[in-house]
Amino acid sequence: MGQVEIAFEAPAVDWWVLTPQIILVGAALGLLLVASLAPRALPDWVSTIVSIATGAAAAIVAAVQWAAWDLAPRPTLNGAFVSDGFSLLLTVLVGAGVVMTALVAHSALDRYDMAPPEFAALLLASAAGAVVMAGANDLIVLFLGLESLSIALYVLIALAGRRASARESAMKYFVLGAFSSAFFLYGIALVYGSTGSTNLSGIGGFLFGSIRETDYLLLAGIALLLVGLGFKVAAVPFHFWAPDVYEGAPSPVTGYLASIAKAAGFAALARVLYVAVAEQSTAWAPILIGLAFATLAVGAVMAICQNDVKRMLAYSSISHAGFVLVGLSAVAGSGEAARWIVRVAGEESLILTTGATGAVSSAVFYLIAYSFMALGSFAVLSVLGSEQQSADASAGGADASPPHALSRYGGLARRRPVLALAFTVLLLAQAGVPLTAGFVAKFEVIRAAIDASGYVLAAVAMVTAVVSAFAYLRVVLAMYAPEDSADGDDSAPAARAGRPRWGGLPLTSVFAISLAVAVTVVVGVLPQTLLEWSRDAVLSIIL
Amino acid sequence: MSGLEVTTGWYLTLGAMLFLIGGTGLLVRRNPLIMLMCVELMLNGVNLSFIAFADRFGDVHGHTVVLFVLVVAAAEVVVGLGLVVAVLRASPRATADDLSALKG
Amino acid sequence: MVELVWLIPALPLAGFAVLLLAGPRLGEPRAGWLATAASAGSFLFTLVTFGGLLGLDSATTGGAGGHGGRWFVSTLFEWMPIGGLEVDAALLVDPLSMTMALFVTGVGTLIHLYSVGYMHGDPKYSKFFLYLNLFLFSMLMLVLGENLVVTFLGWEGVGTCSYLLISFWHERPTAATAGKKAFVTNRIGDFGFMIATFLLWTTLGTVSYAGLAAGAPALATGTATAVSLLLLLAAAGKSAQLPLYVWLPDAMEGPTPVSAMVHAATMVTAGVYLLVRLNPVLTDTALLIIAIVGAATALFAALAAVAQHDIKKVLAYSTVSQLGYMFLAIGSGAYVAAIFHVVTHAFFKGLLFLGSGSVIHGLGDEQDMRRMGALRAVMPVTAVTFIVGWLAIAGVPPLSGFWSKDEILLAAWEQHRLLWAVGLTTALLTAYYMSRQTFLVFFGGQRWDDSAHPHESPATMTLPLVVLAGAAAIGGAVNLPLVGDWLVLEHFLEPVLADPHHFTSETWEKLLLAFVAVLAALIGITVAIAAWLRSRIPTDKLEPALLENVFYFDSTVSNFVGGPGTKAFEAAATADRRFVDGAVNGVARLVRMLGEAVRPLQSGYLRHYASGVAVGAIILVIWLALRGVS
Amino acid sequence: MGALFAASGSASDFPLLNALIFVPAVGALVVALLPRSRPDLARPLGTLFAAVGGALALALAWQFDAADAGFQFVSQQSWIPALGISWHVGVDGISLWLVVLTSLVVPIVLAGVDPHHDPKPYTAWMLLLQAGSVGAFVALDLFLFFVMFEVVLVPMYLLIAGWGYEGRRYAATKFFIYTMAGSALLLVAIVATAVLGSPDSGITFDLQTLAEGQLLGENTARLCFVAFAIAFLVKVPVVPLHTWLPDAHTEAPTAGSVVLAAVLLKLGTYGLLRFGLYLFPEASDWAAPVLVTVGVVGVIWGAITAAMQRDLKRLVAYSSVAHMGFIVLGIFAFTAQAVGGGVIQMVNHGISTGALFLLVGMLYERRHTRQIDELAGIQSAAPVYAGVFTLIMLSSVGVPGLNGFVGEFLILIGSFDTRPVWTIIAATGVILAALYLLWAYQRVFHGPPAAADRQTADLRRGELLTLAPFVIAAVALGVYPKPLLNAVEPAADKLLEHFEEYSGFKVPELGDPVVVDHGDSTGEHDEDDH
Amino acid sequence: MVEVVVFAVAGAACLVGAVGVVLSRNPVHAALMLVMTLFGIAVLFVALQAHFIAAVQVIVYAGAIVVLFLFVIMLLGVDRAAELSLGALPAQRWTAAAFGLGGAAVLVWLVAAVDRIFKGAHSYELERAGIVVTEADAPATSYATDVSAIARSLFSDYVYAFELTSLLLIVAVIGTVILARRSYGADGRRAGQHGGESAPAESGATPQKARQ
């Protein structure tokens, strides 16, 4: 047999498909360029405005594409990247995440001693990586997106490197990230070795219909891909980095990590599992379920032991990842592959089964809902962090308690009633109280699980939700019913400022928090639109 | 086909061993620089596997992928070394184990 | 005129309402007079209704439940109608209810009147009358109720009022405890009442007396016996029969008019009323048990009364004993005799209580008979009327007590000779202890301090005494035996009774029995004279501690309730806290401990974390691969 | 949102039920938005909103057609079509009085009880509580019900946490977590019911569709029922799931305790009726022996433990456990009297126990203690207060002529038909009720008062006004409960008819020579109980 | 046989180098051991006909990355011998063993599987090229691996990935520049504004640790 000659054809480029990424990357480069060429330091707001505008632009472009393209999947560049409903919806989310993070960070950069242009550039670059991950249809593209996102994040955290905690968390994140990247890469290698391709839909098509249950290479490859992505989404037992990194990272970055980075990881996970190796769902679904169990349990149980709010939120983020895993694992009925072949207009095409659609869409819904809750929560933390710091500074001595110690939240409801209320809404939403997005998200996930007969998983998920509710309630209690009697003013220095205050809050952060709360509540009350979106998004996944 | 023949499996085994040695090294060493080198070992193991597979399939894509891995490795190393520098500047004798203030 | 029956309970209720809203403002004595007027008006309307009832033709058969024509139901409104259950707020006018209503309102009015004087100066004067009126209302609902549930309303109402009245002087811990004890003990009886009601409803599908009377014959014997015994439980609670009598002696903590009205004349007879009212249900077995309970109570309480020192305690145990008599009568099937005794007992026991109240009042709240004596000179009216009461209860002819008691003994004779013997012994003891009391209080030497300044009570108090003394003397006339036509009460009540008891004894037998009874009474009185008036018999032997302490029954029960009973409750509460709640908190703590146990894994060491990734990867690979193999 | 106010298919064009939910909700928003400088406006304004709700509830009762057994004032709007969820509300005889009770109790306690601090959030939370509770009672969609069922936790939680007493943190958390744990499985079961029990036309959470369809398999239905039942039994609560209640009640501010007792506990029993019997007739029948048992155990255990409490409020809380046990017994006796009695008892318990909590709260205001040992002879110092307390206590004990009796009696008489033995045991609870309440009353109100006791002021006019509705209701409903029963009866009958149709359960005919030798009627069910 | 010898020698070099990296006390030695591994791999690449990749491997890895390592080692002056013990984490021995041995177990098993799998080698690319591989057919052993073939692949299927590497590298560059600039502290624009390494900036989560 002769050589396999692959004829060269210049791949067609659909520039429109790439527009969101180009906007993000272009703005990042442009900003850097201007910042370095400018004779004087740019005012802080320029970077913020650029970030916001870019994030918004990317989101808007994606939204317009969503509407204009009628959700028809558009692969481009030889199928390496695809713009379908799934990627567009996540692109909108990423854009929104950028906007929120930029808003929150605006007032915090100073405190963390971070340079605005660099911060903005890295934020936008990482967002580009996330967008790539959402639409990657090739394992290598996926990997590169993941690396872009990760490396940008390492540096974003290290930007606050004057703090020992930031250095430590950046280092931990980096070493473990590199370590797990190696696993991921090895997974790619094994999948490649078993199928001869790195293209997701290529692999999917190749595997379709073939019974490869005993294809150990493939199965090991899937397992290693799960390791890499499991690390990214902080699934137990690959979660260890998360609490430390979340705690050490600047709060705005933490919010971004918990929402956008996680969403990107899950998007990649969903794509890999449902596009490439859907045929093996009977093999990986149990693994996913196992990971979900562990993630839910560890996240919830560890969250209630925390005395640091930021760290508690980190663990809670882990338990939320568990919920998303519940959703993703809910492929209908055991023994049933995740996709079907159907005849549309005489042509055969692959589609996801209803169960699989429900599973992915519930995960997408959960991700979107949770992202806003997380962004909002960490925005609150960011605001409070600066307050605590200025309080400490004015108190003259360093307060021994860490800036987010639970005790420091005592009596917040009195000092900052509105902020406390917003935080309460966000926390309760995470606990899954109805009329918030968190509830609908849990509901969707549970529905998906039950659709797939995952009763035990659904029940366990809800039970862990109750356990983690305890963690949220501790914070709410601290704010509304401080440990000391209501009139005792001897605890935290900030508590001394007894009178409720409006002023002093950075407007940008207030806006971001309001946005998060608004989304949380509106989606909680009227979830139909978002539900439809997440379903449409999944229905149009290219297979 | 008689006697010893170097099959794909050999290369794969070697790659996997490199991967495992690298991983084990990362687990046992405290020096951040050596940890980074261990990651490199792992990546090289992967690279070997890719090339072996490519050889087996007669598919040049595997080679291309290795190029990307190299790029990623370079990028990681660069940033990683930057971080190491940042950390070691602050506390010159620090090992990975000293970065354990955040826990619990 | 029977249509006006609703006014009978309405007036006391109105009195209650007015006193509730304006009582303190009315003040003394207007509040008292208002209440008395309400009660008197109620009596008046009872008379009117009674007249109306007599106007109904007794001869015609038919009517509700196959009764005679003397049966009128006044339905006020539907009370609890749901799914086949029809409970109407309705009043029943029939001979039995009218008999009860008449003496209840009559005696009640007198006691109201008496209280106007007795409660003079009490800071809660108006409240007392408030309770009295409410009590009267409840009692009337009890006797006039057309169905079991309305009766139950009254039944519980009188229990509640009894509670309120016993603990009227609530700052005295004994009074408070006595009130609570009365209520709770009563509730045990109420439990029987409720279950009986449920049983009747499930089996007969009705709770109205008419329906029950009609359906009773169809009841299975077992069911009927069960109902009967439950009713006995109910009656025993309310009418202080063994073993639930314990509350009644303690109830003497209440003001004396209360003892007279609630705990002698009216409320305690409710049990008798209930059993008579539901007589069609009672089976032979049940009757025998009722008779035994009655006889036992009668003897038991009489023995206890022998050795009491408190003037009211004697009367209290006497009441228990007399109520035992009434149960004996019911158990012997002599329902009329039971009702007859209820009426006469109301007269003479009310009289005795009021008399004792007068003594207590006169002596400045002294109740110990050992510090009385020779009061006949300073309190002539009280003394004379009390003596009438004494003779009446002792069974000395021709006073009322003789007639009713004689009939009961006759019935007991025909039921079982042993029961008769017990009854006779009780009669002897009754004569003895009442004589003892009379002698100790009014005769003999003065044992009170001069500083006590005993005096006769005001007219408001003596007038009821006189009236009641008259009634106690001639009350027997309503049901004189021997001559058929004179059995007014018996004929009057006959339509209510499913199986009217007819004595089968010969006339000579009856006469002989009457003679023996009188003899027993005289012996009792003679012994008392010998012991307490003439000191011929050493008195210390006559008051054995066993009797004084009532066979240690009450104290045993109290000790049990206060000791092991409370301990058991406490143990339950502790279990609730430790184990039930402890389990909940334990689970919470466990989860937390689990977290704390896992926490060290999050050690902060990078290499540990890497181990997590590495080991997790290996596990995942092996797991997935194993799945592939299978 | 405006579309929600367009009712369809009701007797009147005005969407009363939606208004009943949204008026307090809007009130909460308005109060929350009041300027910080005018906290004094919060309570009056809030009371006004709550009272408008109350007035609407009275209008609802007035316009309610008692003869109609079905749902009235129905309003259905598509809400989340993707999941077959709609805003579907309606009221029938079973829920009517609970709605009225809720809508009246909140304005009363809002007006009558002073929160002492932060009136603005306090008022807002109370209004939200009202809105959520009414919503839960009128919801005809499983999802909507769950939303309301859960959402009331939040205001209650914050009320306890923010305005409670010393142990409020523990109590509030316990309350929230415990009830949330109960409803965690409820959510799963609701979803399962909808996913597995929806007709082929598509997933739906509509109560009527699901209940009338009865498409669940037997075992699935039983499992789902168990999950439903656990959630509701926690809320009721029954022994041994009750221990959150004493803590929550004791530590809650007075108004919170009142609303908790009067309204929130009813969500459990109401849920058992509406979402137990109606949705899962066969499973209800299957589980009835267990449920009846826990109900009766609750009656006895609650009473016994209540007797031994040293804290007056705790005692009342435990008495609640006992009373609610009766209702559970009534519901699972499956007779018209018992079910009707159960519904009536829900209202009555709200009135009596609510008033008791008010009273205890007023005592605490005066004495700053609720310890029974530290109080004595209050009746001498505060006769009017003692009088009201006595009346309410008697109502709670179940003295005829007062409201408590009606429900208790109907439950017992109805239950006796089908569950004689349990009824007899439960009836002993009547004795125990007298025991613990009177004993407590004696210790607190009777006896010689100490100096501090003598200082205890009697009721003020405002307090009297606050209590008046409860007192009036206690007497009125005791004497003339017919209007309530008239409305309840058709609905209860219809529910039982539905239940009998699908469960095969038959209420024995009256007059059957059963009883004493019990077990005939329940024996076969007992065997299923494993 | 030549193949076997080449494999054995190069493979041995790889393994020795790898083990050397792990066991070297001195980072400089470790870096040199790493070079040995990298060369070994390059040799194997050649054996696998990946000449271009082998060249890149040597240039990029040995020429750039290892040099970078050495540069940093020198820069920081951390070329002293480091402890080889497990330090504070003795338990690490077990997890490492679990990983190593567990991995080895999996490896044995995979190798056993590999031969079976490749019996009927079949791949996506072959399928795309319309080549049907039958059981009997040996897989393609000779194929174009020259620069142009790689370029073809790089600029067709992987052109997007190729472009993405630019993003990645930019991020890495920016990141490194920032990190490097920051770590020197004083010349940072913002650091200057805030008066250098002042206390508040350092009051992170655990000031105690940081001050050591």
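Here the chain labels run A, B, C, D and E in written order, and each chain numbers its own residues starting at 1.
The rule is simple: contacts are C-beta pairs under 8 Å (C-beta built on N, C-alpha and C of every residue); 3 or more make two chains touch, one makes a residue touch a chain.
Since the structure is predicted, the reported quantities are computational estimates derived from the model, not experimental observations.
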Exercise. Which chains, if any, touch subunit C and subunit D both?
Worked result: A
For this session: Can you figure out the chain closest to the middle, judged by Cα centres?
Result: D
Exercise. Farthest chain from subunit A, comparing Cα centres?
Worked result: C
Exercise. Which chain pair racks up the highest number of C-beta contacts?
Worked result: B-E
Exercise. How many angstrom between the C-alpha centroids of subunit E and subunit A?
Worked result: 27
For this session: Return the distance between the CA-based centres of subunit B and subunit E, expressed in whole Å.
Result: 3
Problem set entry | Centroid spacing, where centroids are CA-atom means, of subunit A and subunit D in whole angstrom | 42
Exercise. Can you give the whole-Å distance between the Cα centres of subunit D and subunit E?
Worked result: 66
Problem set entry | Multi-chain contact sites of subunit C, meaning residues that touch two or more partners | 588, 599, 602, 604-608, 610-611, 614-615, 617, 621, 625
Seminar exercise, completed: Shared-interface residues of subunit D (touching two or more other chains) are 177
Seminar exercise, completed: Each of the following residues of subunit E touches two or more other chains, namely 88-89, 92, 95-96, 99, 103, 106, 109-110, 114, 123, 125-126, 140, 142-144, 149, 152-153, 157-158, 161, 165, 168, 171-172, 175, 179, 182-183, 205-206, 209-210
For this session: Would you mind giving me the full set of chain pairs in touch?
Result: A-B, A-C, A-D, A-E, B-C, B-E, C-D, C-E
Exercise. Which part of subunit E faces subunit B closely enough to touch in the complex?
Worked result: 1, 3-4, 7, 11, 14-15, 18-19, 21-22, 24, 27, 30-31, 34, 37-38, 41, 44-45, 47-50, 52-53, 56-57, 60-61, 64-65, 68-69, 72-73, 75-78, 82-83, 86-89, 92-93, 95-96, 99-100, 103-104, 107, 110-111, 114-115, 118, 121, 123, 125-126, 139-145, 149-150, 152-154, 157-158, 161-162, 165, 168-169, 171-173, 175-176, 179-180, 182-184, 205-206, 209-210, 212
Problem set entry | Interfacial residue positions of subunit D with respect to subunit A in the complex | 36, 79-83, 117, 121, 143, 146-148, 150-151, 153-154, 157-158, 161-162, 164, 168-169, 172-173, 176-177, 180-181, 184-185, 187-188, 191-192, 195-196, 223
Seminar exercise, completed: Interface with subunit B, subunit A side, in the complex: residues 3-4, 6, 140, 143-144, 147, 151, 154-155, 158, 161, 164-165, 167-172, 174-175, 178-179, 181-182, 185-186, 188-190, 192-193, 196-198, 243-244, 247-248, 305-306, 311
For this session: Could you pull out which subunit C residues touch subunit D in their complex?
Result: 77-85, 89, 124, 127, 149, 152-153, 155-157, 160, 163-164, 167, 170-171, 173, 175-177, 179-180, 183-184, 187-188, 190-191, 194-195, 197-199, 201-205, 220, 222-223, 226, 569-570, 572-573, 576, 580-581, 583-584, 588
Exercise. Quick one: in the complex, what on subunit A touches subunit E?
Worked result: 1, 3-6, 8-11, 25, 28-29, 32, 41, 76-78, 80-81, 110, 113-115, 118, 121-122, 125-126, 128-129, 132, 138, 140-141, 144-145, 147-148, 151-152, 154-155, 158-159, 161-166, 194-197, 199, 202-203, 205-206, 215-217, 220, 247-248, 389, 392-393, 398, 402-403
